[in-house]
Structure formats: C-alpha cells, structure tokens
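In what follows, chain A forms one complex with chain B and a second complex with chain C.
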Partner chain A sequence: MFVKAAKAISPQYTLDDRFLNGEFVDEVSPVYRAIEPDYSPLIPAGLLRRMGKAVRIGIGAGLPLLQEAGKVDGIILGTANGGLEDCVKFLNQIVEYDEGVLTPTNFVQSTPNAVAGQLALMSENTGYNSTHVNGSLSFENSLIDAAMLLEEKQQATILVGAIEEFSQYNYTIDKHAGRFREIPVSNSQLTKRLEPGSICGEGSSMFIVSNDATDAQVEIIDVAQVTSEDEKEVEATLIDFLIRNQVPADEVKTVALGRNGDARTDHFYTAISNRLTSIESTICFKAYCGEYRTAAAFGLYTLFQLSKHPLLDWNGNQLHFIGNYALVYNHFDGIRHGYILVKKLR
Partner chain B sequence: MSNESLKLEFKEHLINYLNLLDTTPEQINDDEALFGGDLGLDSIDSVELIVLLDREYGIKIKNPQEGRQILVDVNTIVAYIEANRTK
Partner chain C sequence: MKRKVVVTGMGVISSLGNNLNENHQSLRNALSGIGKADFFESAYVATLPFAEINASDEQLRIKVPNAANPSYTRTTLIALHAVLEAIQDAQLTTEQLQSNRTAFISSSTVGGMCYTDSLYNDANDNGNPSPYVTSYEGSDHTVRIALYFGLTGYTDTINTACSSSANAIMQGMRLIQTGRADRVIVGGADCLAKYTVNGFNALRILSESPCKPFDQNRDGLTLGEAAAYLVLEAEECSIGKRKWAEVSGAGNANDAYHPSATSDDARGPVLAMTRALDNAGLRPDQIAYINAHGTGTENNDRTECVGFQRVFGTPPAFNSTKSYTGHTLGAAGSLEAVFTILSIANQEVYASLNCEHPQAEFAFQPARSHIQVLPIAHAMSNSFGFGGNCTSLIFSACS
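Right, the complex of A and B next:
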C-alpha cells in the first residue's frame, strides 16, 4: 500500500508550510486544540453551519486530497468517538426533553460515519465507504481494511485517515480517569517532563493510498496490533511483526513514537526503542498533536513528511528519515498497541 | 409580549436552532421567505423549526400541509405562535 499524499489538521499549522519549516505552536495549555482553516472556499455555508468539529476537520483535510486525487475507489476512516460534542448534546436533549421531539442535526452529525459519508457526498464518490470505530486502534484497523481492499482490486486508490475531536464532556471523564494532567505543560516539554497523565489533543490526518507505486513517497508494508499490558508481549509482537515482514530489527533506523509524557506507560516506548537497536532518528509526534485515540495517524503523517524533507525538532535540530524502514509505534493507556511498518521509496 | 418583541425572540431562536453563523436578527426581514430565499434553509431546517416551535412555544405541527402555510416567513410563524402557543 503506497502513500501518495497526506494532509492533516492538527494543533500545529500543518495545512501550510509553517509546521514543515519548524514554526511550531508551543503553548502551555490543558488541551492542544486543532487549528482550523477558513473553510469557506471548501464547504458551502449551508453545510458548514451544521457541521460539528469532527466533520469539519475531516472534510478540511480529506476533501482537498480527494479533489487532487480525482476518482477514488473508497473512503475508509477511523475514529474512536466521532462527533462527540454533537453526540453529548443529542443525549442530553433526550433527557432534557423527556424523550420528546429531538433535533435531527445533532444526531446526524454525531454518528461516527458522518465524516466518511459527508466526504463521499461532497466528492460524489459512490465507492466503498467504511468507518472503523475500534477505540484507540481505529486507525490501524482502517489501514488493514484499506490494504485488504487494495489486494482485491487490480488498481485502486483510497482515501484513508482518522479523526478525533475534543469534547469537554469526555475530557472531564478522561481526566478523572487519570489520562490527562492537572497541570498543563507546553508542547515542547510534554515528553521531557514525565508525570502521570498527558495533554489532550485532537486532529484529523488523511492519506491517499494506492497499490500503484507511481509518485508515491512511502509504502506501508504492514500493520499489527496487540492488546496487552505485558511489556514482553508488546516486544514479542514487534519482533514477530518484523520477522513476518522479513525486516531485520537493525534496519529500522527511523521511528515515530507516541510518547505522551505519561510516566506510568512511557516504558513501553523505551522497550520498543531498545529492541530496535539501530535507531538514528526519532520523532515523538504527540508533542505536536497531543494525546487522542487515533493520534497514530498523525504519527504516520509526520513520517510521510519526513520522507520528503527534514523536519526540525524542538531544539531546532534537523530530523531525517534515515534508512529504508521506519516504524510508527503507539499505544493508548499502555493496553492497546499499534505498529505501522513503513518503507521509504525514494 | 408585544408582536415586535416576539418577532425578535423568534429570530434569536431561529439563529440559535439553525446555527445561522454570522446572521443577526436585524438581518432577517419579517416578510423574507425562509425557504428558497437568502437564508438558504432546506428540509432539515424545516424539521428543526418544528422542534423549535414545540420546545419554545408548546406548538405541535403534525399536518405537513399546515406546516407549509405556517413556515413561510417570520410574520406567518409569529402570527401562528400568537394564536396557538401553550407556553
């Protein structure tokens, strides 16, 4: 599965060149919120006024890619929670109005497949349309679905991606569960100051993938996942994954790690890094995008960009895609672990 | 509540329920067609309007033919509210 193009709406300026040029948003904040563009050239006002944030950022990143790619054979997205704000509004209305008359818009916008559906409507795409809602492995499962679809077809192009929006309601629950910190920390310090919890983020990352390698920057070789709290099992899954793909561990020289500054589960990243004995380039992508359940998609986005040109780290040093192979490794809660093996083509 | 005050209140509800971004009550003319006009409302908005009338004024519109005659402009809706409101 070859990646031809990518776009992201994130807490960084990823829709223009500022992120690529090292102009990072570095704010002390309890939430790293997505920076939304002016949607008016892209989305008619009549549609925009109904859209929740998840739909907006999904369209904002996905529709330009669809317009550039022309006809695509499918749209496959992953999201753990979809339009959560609208969902909470809708559920509250059920209680507030005693299961009486309910507004349709909140319901329509809150379903997780609203984004893929709206993208299909706006691009007049009648192909395969699927949304994977598998918690923090939603994006990994979207990639597996895309790979299977590409195996079925002789020549196909697919939009694949992930979306997650910030919801105050869910944030409060997650914070009570210890996932997010009481004291905010800046992006640049997130992974340097290990404490219990992380900082909440949000965003959408979209990719045009194909089984045709022409003009592709990178190839997604394989995807693996495991649900486990056992570090040894997490390491063993990586080793099996590499063996299955006939990639020696010392040939993976570039990694995108989901380190999120959480002192309780950071050891998984250290363990995986130690298994890959020849790492020369590491990008910790959650310092840019914050923690959310489909943040691995932003990890893949950073690797894709790294394959085209160097990125700067927080100290102004250049990061490169070194070697032929790279790994996106991410986990959520130290329980659900995803691995995406990537090969640089040119 | 005076007719003018009710019109203003209804327009505020209209903007809120339909999430009419960047629109103020002053920009909505009383005799401006809600559907097919500059506001660009559509069939989903008509359902939102029915919900608005139910929640804010206790009015239930069940007959679609009746709805077509009521949901024309601010004047027709406010006249119907004044005649039929239960709260």
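Right, the complex of A and C next:
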C-alpha cells in the first residue's frame, strides 16, 4: 500500500509550510487545539454552520485530497468518538428539555460515520465506505481495511484517515478517568517531564493510498495490534510482526513514538525502543499534536513528511528518515497497542 | 483462490428471546417482540412501542458468568451474552479463542453511551463520576470482551450506523479470505437508549404503532435492542463441525445522496446488492430469499423496493424481520444475518408482519405468512444506514 498524498489539520501549522520549516506552536496549554483553515472555498456557508468540528476538520483535510486524486474507490475513516460535542449537545437537550421536541441536527452530526458519509456526499463517491470506531486502534483498523480493499482490486485508490475532536465534554470525562494533567505544559516539554497524565490534542490526518507505486515515497508494509497490559506480550507482538514481514529489527532505524509524557505508561515506549536495537531517528509526534485516541495517524503523517525532507525537533536539530524502515508505535492507556511498519522507497 | 468462509456458531439475544432457539421459535410462530417496554426508562415508553430484551441489567449481570464489573454497560452485557452462546455453538476451545489467529469484530451505534443520564452528569461535571466514566467509547464493549476472554488477536469496532454489523461480517469474511485470520467472531450489540430514541423521534420517523414494513400505510420504525454474533471460520479450520452456512459474498456502497435519507433511484442499495452478487459470483435469479432492511419508514421501504426492481426485476421471497425485533440499529445487520441463516438451514421464510395493505406502486409484496417450501441455496440480507452506508451480504447453504 503506497502513500501518494497526505494532509493534516492539527495543533501545528500543517496546512502550509510552517510546520515543515520548524515554525512550531509551543504554548503552555491544557489543550492543544487544532488550527482550522478558512473553509469557505471548500464548504458552502449554510452547510458549514451545521457541521460539528469532527465533520469540519475531516472535510477540511479529506476533501482537497479527494479533489486532487480524482476518482477514488473507497473512503475509510477511523475515529474513537466522532462528533462528541454534537453528541453531548443533543444529550443536554434531552435532559434539559426532558425528552421534549428536539431538533435532529446535532444527532445526525454526532454519528461517527457522518464524516465519511459527508465526504462521500460532497465528492459524489458511491464507492466502498466505512468507519472504524475501535478506540485508539481505529486508524490501524482503517489501514487494514484499506489494505484488504487494495488486495481485492487490481488498481485502486483510497482515502484513508482519522479524525478526533476536542470537546469540553470528552475532556471532562477523560479527566475524570485520569488521562489529563492538572498542570498544563508546553508542547516542547510534554515528553520531557514525565508526570501522570498527558495533554489533550485533536486533529484530522488523511492519506491517499494506492497499489500503484508511481511517485510514492512511502509504502505501508503492514499493520499490527494487540490488546494487552503485559509488556512482554507487547514486545512479542512487535517481534512477531517484524518476522512476519521479514524485516530484521536492526533495520528499523526510524521510529515515530506515541510518547505522551504519562509517567504511568511511558515504559512501553522504552521497551519497544530497546527491542529496536539500531534506532537513529526518533520522532515523538504527540508533542506536536497532543494526546487523542487516533493520534497514530498524525504519527504516520510525520513519517510521510520525513520521507521527503527533514523536520526539526524542539531544539532546532534536524530529524531524518534514516534507513529503509520505520515504525509508528502507539498505545492508549497501556492497553491497546498499534504498530504501523513503513518503508521508504527512494 | 479465495478461502471459503463458513459460519460455525451463532448467538443471539433480542426481544424474541434470550438465545438462538427462542428467537427461532418466535419467528416460526409469527410472535413479534414489539410491545411496551418494562425496563427502559424514557418518557416515550408511555407513548411508543419498543422491542425490548426481556431482562433488566441486574438480571443480565447474573445470567452472564463473571460479569459483576460495575462498569459493564447493558451493551457489554448483552454482547457478552450473545458472544458466549456463539462460542459454545461453534465449540471453540480456549486455545482457539485466545490464538492470535482469532479476530473479534464488533459494532454498535450507542456503544458505551447507553446511560444518557450518567453521561450527562459525567460530561457536564455534575457530582462524582459514575461507574460508567471509563465506558463511554463506542468500542468500550469490544475492549472489555477482549479482556474478558483473553483475546490476543485482531480486534475492530465498526460504526456505519444501521449497517454497522453487516460491515463487521463483511470485514470478518475478508480477514479470513485474505489470510489475516483463521477465525473471526463478528456481530453487533445495541440497546435502547434515550439518545437514539430522541434522535429518531426528532427526525419524526418513529411509529406510534408496531412498525409496518412494506405496508402502504407504514408510518415509521420501531426501535429495538439486540446482540447477535457469529463465529466465522476458514473452511479448512471447521472440519467435523456443523456448518450453518457459507458467507459467500458482500457488497458495500455509499448512496452519496443525503445524510439521513436514501436516494429515489436507490443507487446505493443497488450498488451494494450488485457488488455482493458479483463478489459471490451469483446471478440475481440464484437468490431464493432476501431478508430486507425494511425499516417501515416511508423513505426506506420505497427505495428498497425500487432497488429490488432494478436488481431483480421481480424479487424472490422477501420479508422484514424488523416487524418482530424492531430496528436494532448497530445489531440489525448481524441479527438479520442470523435470521437469514436460520431460513437457509430450515428452508423456510418467516412471515413479514403488519403488512396488511402492500405498497400499491409495486407488483410484489413481502411473504405475509410462513413459507416452508423453499430449498434456499443462496439468500441475501440488506442493511442501509445514515451517512449513505449500504451493505448487502449473501449467505449460501453448505453442501
């Protein structure tokens, strides 16, 4: 599966060259919020007003890619929570109006498949369409879905991606569950000072993938996952995964790690790094995008960019895609672990 | 050459009963599960019929072994209940279950958000967190079931609205066909929730009487709850087992017409049905029975019949088992897959209920009484959802 193009709406300036040039947003903040573009060239004003953020950032990153790609054979998205803001707005109406007469807009916008559905509608695409809502593995599931579709068709192009929106509601719920820190920290310090909890982020990362290698810089070799709280099992899954794909561990020299500064579960990243004995380049992508369930898609986005030109780290040093193989490894709560194996083609 | 995928186990809990046999008996005897809800708490219980599972959360917690965890929602409880039955039916050993070649693909629309009031309080920071504060994700039940059984293989959760668990079955079929898994437990679970009841009510598509699929005077759907799971196995892994049916094809398409209505020309449904036929390598005239999506809304039933006309000319015997179970949303695709397979296994088509005056504009109508005539070699099951998500599945008798 070859990655032909990528676009991200993120807490960094990823829609223009600033992110690539090392102009980072580095603010002390309890939430790293997505920087949204002017949607007016893409979305009619009347439609935009009714759209929740998940749908908006999904269209904002996905629709331009669909327009550039021409005909695509499928739209496959991952999101743990979909439009949670609209969901809770509707829920608040239910409770506050005691199940009275309600307007359906928030309900329709809140269904997680509204993003893939709206993208199909706006691009008049009647192809394969699916939405994976498997928590922090939703993007990895979407990639497997896309890989199967490409195997079934001889020639195909697919939009695959992930979306997660911040809302005060999910923030409150996740904070109750101990996922976010009490004291805000800046992007550049997130992974440097380990404490319980992380900082919430959001974003949408979209990719055009194809079984045609022309002009592609990056190939997604395979995807693996495991649901386990046992570090040994998490390491064993990586080793099996590399063996299955005939990639020696010491040939993976570049890694995109989901380190999020959470002292309680950071050890999984250390364990995986130690298993890959020859790492020369590490990108901790959540310092840029914050913690959210489908952030692994932003991890793949950083590798895609890195395959074309170096990125800067927080100290101004250049990060390169070193070697032929790279791994995106991410986990959430130390329970669900995802692995994406990537090959640089040229 | 694609690997052949067979169904070796089924488990179900719905308003028709707490296991496969009870569901089958209700269908055979034309006994609908739609009526007044006893356990669901909503202002609409007084005015609207529902198809409720006949068990409270507390009763379910006792029925399911080791399910005392206070964070288990009703979605998780009914899903566990049906998964356990499916696993037993397929005689899966613990070793097979925990193998990394065994995958689990679930689906739900309400997921962990089935307790609207708890979610309201937790999301708005009112008082102490409820026991469900870590349970709201759409995939909550999937993770809990994976941990419950010690599953180590691939897991996934799909939400394409009302076609969710049809896509879970399609996904499972493809995992086996492409060699990514040998066994996949697939299905869906959705329970009655204020969230969906108020949502569908706001869209004005809930009927005040039990739904009347394909009737001229139909006026909306009835919401129900269910969990239904199937064990799919690569044929070579199923030696010596009863094979309920073969999963012989699946087609997925987007209607690309409207966020919450289907197109007049049924382009999405037509594409889903024709892609499923192509995928199975079958002609339309080889399908002997269709379990229709048949929600009982004005829009769906008309569109679906237009689709039948375009794909089949005159369709084979069809029914809507939603006239028994109501619309169980994320569980509907797998629940109706189970019913379709029961039809194949028993060579019978269950009566489509409440269709007194078939739609005048079509020359065909659903099976209005129980038919026990058919050798059903191949049957289709349709699921169409909000967001334009259309999926058709084809099951075939195992020789």
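By definition in this document, the second predicted complex is superposed on the first by the 346 of 346 C-alpha atoms of A that agree within 3 Å, B and C clash if a C-alpha of one lies under 4 Å from a C-alpha of the other, contacts with A are read in each partner's own complex, and residues count from 1 in each chain.
Simple rule for what comes next: a contact is a pair of C-beta atoms (placed from the backbone, for glycine too) under 8 Å apart; a residue touches a chain by one contact, two chains touch by 3 or more.
Worth saying up front: this structure is predicted, and the values here are computed from it rather than measured.
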Clash or fit (per the criteria above) of chain B with chain C on chain A: fit
Which superposed partner A:Glu27 touches (first chain B, second chain C, both, neither): neither
Which superposed partner A:Gly46 touches (first chain B, second chain C, both, neither): first
Chain B versus chain C as contact partner of A:Asp16, first or second or both or neither: neither
Centroid geometry (CA): angle chain B/chain A/chain C, rounded to a multiple of 10 degrees: 70
First (chain B), second (chain C), both or neither touched by A:Glu251: neither
Broader residue contact with chain A after superposition on the shared chain, chain B or chain C: C
First (chain B), second (chain C), both or neither touched by A:Leu102: both
Chain B versus chain C as contact partner of A:Asn125, first or second or both or neither: second
Distance of closest approach, chain C and chain B, by C-alpha atoms in Å: 8
Intersection of chain A interface sets (partners chain B, chain C): 101-104, 108
Residue numbers on chain B that touch chain A, as the complex places them: 17-21, 40, 42, 44, 47-48, 50-51, 54-55
Chain B-touching residues of chain A, taken from the complex the two chains share: 45-46, 48-50, 97, 100-105, 108
Residue ranges of chain A touching chain C (in the complex, touch as defined): 75, 80-82, 87-88, 90-95, 98-99, 101-104, 107-108, 111-114, 116-118, 120-121, 123-135, 137-138, 141, 144-145, 148, 151-152, 169-170, 172-173, 176-177, 225-228, 233, 240, 293, 335-336
Touch list for chain C against partner chain A, complex: 42-44, 100, 109, 111, 113, 116-117, 119-120, 122-125, 129, 133-134, 136-140, 142-143, 146-147, 151-152, 154-161, 167, 171, 174-175, 178, 180, 194-195, 197-199, 201-203, 252-260, 267-268, 271, 385-389
